[in-house]
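First the structure, in the form of structure tokens, and then the observations on it.
Labels run A, B and C following the written order; every chain starts at residue 1.
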Amino acid sequence: MTQDLLVVDKVIKRFGGLKAVGGDTGLSFTVPQGAFLGLIGPNGAGKSTTFNLISGVLKPNSGSVRLDGKDLAQVRPHEIASLGLGRTFQTPRSFPSLSVLGNVLVGANNAGEHLPSVASGNWRTDEAALQDKARVVLERVGLGPRIGDVVTNLSGGEMRMLEVARQLIREPRILLLDEPTAGVDPSLQKKLSDILVDLHREGCTLVVVEHNLHFLLSIADSVVVLQNGELLAKGSPQEIRSNADVIAAYLGDEHAA
Amino acid sequence: MNVEQLLLTVLTYGCLFSVLTLSLNLQYARGGMINFGTVAYFAAGAYAYAIFTQDPPSGLDQYMFGFGAPWWVGFLAAGVASLIFAVVTGWPTLRLRGEYLALTTFAFAEVLHSFLLNERRIGNGSVGLSNIERPEMNWMGLGENYTFALSAILLMGLTMLLYRRILAAPYGRAIDAVRDDEVAAEAVGKDIKRLRFEVFVVSAVPIGFAGALYAMITTLVSPDLFTAEITFFVWIALVLGGERTIVGAILGTMALVTFEEVVRSMHFETVRAAEIAASTEEILTGVIFIMILRWQPFEKFGRKGERA
Amino acid sequence: MTLLAQYFVTGIVTGCFLILATIGFSLTRRVEGFLNIAHAELLGVSAFTTWGLNVGLGWPFIPSALVGIVFTAFLGLFIGRVVYDPIRRLGPAVLLISSVGVAYVIGGAVDGVIGTGIRTLDIPLATTYRFWGVRITDYQMIVVALAALTGVSLALFLNKTKTGLAIRAMSANPELAASRGIDVRQTSRATWLIASGLAGLAGVMLAMIATLSTDIAFRQILQILAVAILAGLGSLYSVLLSGLIVGIAMDMSVYWIPAGYRPLIAFAVVIIVLLFRPQGLSGRKPS
């Protein structure tokens, strides 16, 4: 039995009186070490909220999220990130006052972000190594030529790849990607799927929210389906493709559309 | 009007207040924090210097403490006092953003002002402290005024170097990221609270030193000298120079100080004429301020405005 | 005990004045979305316009006050259109900082025209009434009555008139309001007129119950901020309660602590509220 890296245990999140995630019994699923989990469901199913609950941006009203067996209830988002959890956002987020390179470098935790190191100036060697690493990462996501550009010049799809690059330089143990292919043109999509497959092979645990099921079901090794914040089904991509409930709730719409 | 004297005054006060503008630049343009209480850190420094260097109270003095320490002890105490005040005001306000932070820092500054005004045991209340210790400032026979101008230049230069060093390091990148997007910065492991708090506290220290130098030059500290007008002055200078650049902050301050000193050095036949000149200066300052906010460093101010 | 009661009554008067001074400020915050630091300067404009007509030109008090209020209302509208409208898209922080510039311009203009010194209106001396040993003047009673009247008329205005309903809709959701056919520009103009007119009214009250000097505006803005923050920025009805609280707290504090610290109460209110309950009394979440 592989060890579960991430455990979502009976999590309930309400906004006002409305239950966004978890229904009455709470949402539970586990992500084993090294898994490639697809998280799907219709709009408003609570996928992004689930990501926010895992990464600590939101805290659950009840239930718990555990990473490596550690309860994250009292852990602040940046600490969760430092535990090796990386994530991207549904609407890509970037730092407009930094260049493309800066946007990637900021993902790395350089000692020079602490005052003692600023004072001694010993961050420079790290910085040189990180710059090389950032270049490699940017090449990998296809943004090599844009390295010195300002972020506001990037297209929506490039912005998503930039977010991925910012996470890659951190070498996360588990990476949550929120709709990575939305607005990304086909050639970059291919690149993205290669990157994800490589990451998976390298041992990184992946959880991917995606509307593009063709993309996701071809590379994920297991799938969780959410509807109205509750677990509708889980299984291998093949099982999900043939699950009647899922087809009714979700795939039906897609195929019809 | 003595041109040499005027230039010297402009240079001295220009450099001195540039320290404040540079600090505000770090806090607002880089750290994204609207501090509307800048004067308080300046006053904390000036009063700390005065209290540490003055003689113990005697006769009619109402203040309680005077340590008779040498000037450099007072100078260091000024930095520490400003730092302590920044810790006290910065810690509880960490989670406040935008106008809420602006109002709280403003209120803190007014509280300090009110204490200095009413609490005679600190610095004789509204009377203030006079005859403040001046170090022997006759460096290489240059005369006091020149030495003070040099000290102000030196203080400004060191502040500039300090901030340059911080901003050039990955630290600068991290605080830019925090200002641009807090959620995304947290997602890459940036401790927002730590970074914001550090920027707030570190940038208060040079302001305290500037306060000490100001007390040396004027040899007087009183609540009247440390009103919210200084805060507004620094804000106007920052806007005038265009934010984000260190050179801009300095040029803005110099321009504003020059403007004020020129008006001040003019001679008027009557009190009424002087009054009108003073209010004209105030009106012009306001108009320039409004015009710059409207037409100059737009995108940058605007972008931050939305986020603030 | 009588002394304490006296401070309490004076506190109510101060509170009522603060209500008048703050409602316009909160209305601006609510509809225009920013803190207009220059609001207090309008009190000065109105007070000195009234003084100029009353003492300078020898007009009777009532017409002077009316002209003062109307002039202030239109000045406020003018500033809103010329200064704030063009930079609204730059966000509330820039508007807030710009309003400091506006405060400079108005403050400088008032200083220049009026000059330093202490002024009083040419009106009959206040008649003092005594109730169980507590004194209150007729002018103070007018302030209380006007504050009550303003509260009631504002409620009627916001709930019964077309413009009032438009103001409420716009403050709740500007985009939705625009899409539902509300004339945003006209509503904004109405807001400036009303908010500045109220500042004008407060200025006249100030001239009536206190002596005038050109630095009054700055002292008022601190207390206005305190009241607005305690009420919850942008909320209107809570201003009625928070104005009274701040006024009474400030005046009664004199019973226990030196009078010099009276303004400190206002700042203490600001700090405590913002640190522990940023939404103020109203309970609305800060935006």
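Note that a residue touches a chain if its C-beta (ideal position, glycine included) is under 8 Å from a C-beta of that chain, and two chains touch if they have at least 3 such contacts.
It should be emphasised that the depicted structure is a prediction, and the values quoted were computed from it without experimental measurement.
Taken as a graph of touching chains, this assembly is arranged as a line, each chain contacting the next along an open chain of partners.
For the pairs B-C and A-B, the count of C-beta pairs in contact is higher at B-C.
Among the chains, the centre nearest to the mean of all shown protein C-alpha atoms is found for B. For the pair subunit A and subunit C, the distance between C-alpha centroids works out to 50 Å.
Taking each chain's centre as the mean of its C-alpha atoms, subunit B lies 30 Å from subunit C. In whole angstrom, the spacing between the mean C-alpha positions of subunit A and subunit B is 44. Within the complex, the subunit B residues that touch subunit C are 34, 92-93, 96, 98-100, 102-104, 106-108, 110-111, 114-115, 117-118, 228, 232, 235-236, 239, 272, 275-276, 278-287, 289-290, 293-294, 298, 301-302, 304-308.
Against subunit A, in their complex, subunit B makes its touches with residues 165-166, 169-171, 173-174, 176-177, 179-181, 183-192, 195, 198, 202, 303. Per the touch definition, subunit A reaches subunit B in the complex via residues 55-57, 76-79, 81-82, 86-87, 89, 93-98, 102, 105-107, 109-115, 117-119, 121, 123, 127, 166-167, 170.
Residues 34-35, 83, 86-87, 89-98, 100-112, 115-116, 218, 222, 225-226, 229, 233, 258, 260-261, 263-264, 267-268, 270-271, 274-275, 278, 286 of subunit C are the ones touching subunit B in the complex.
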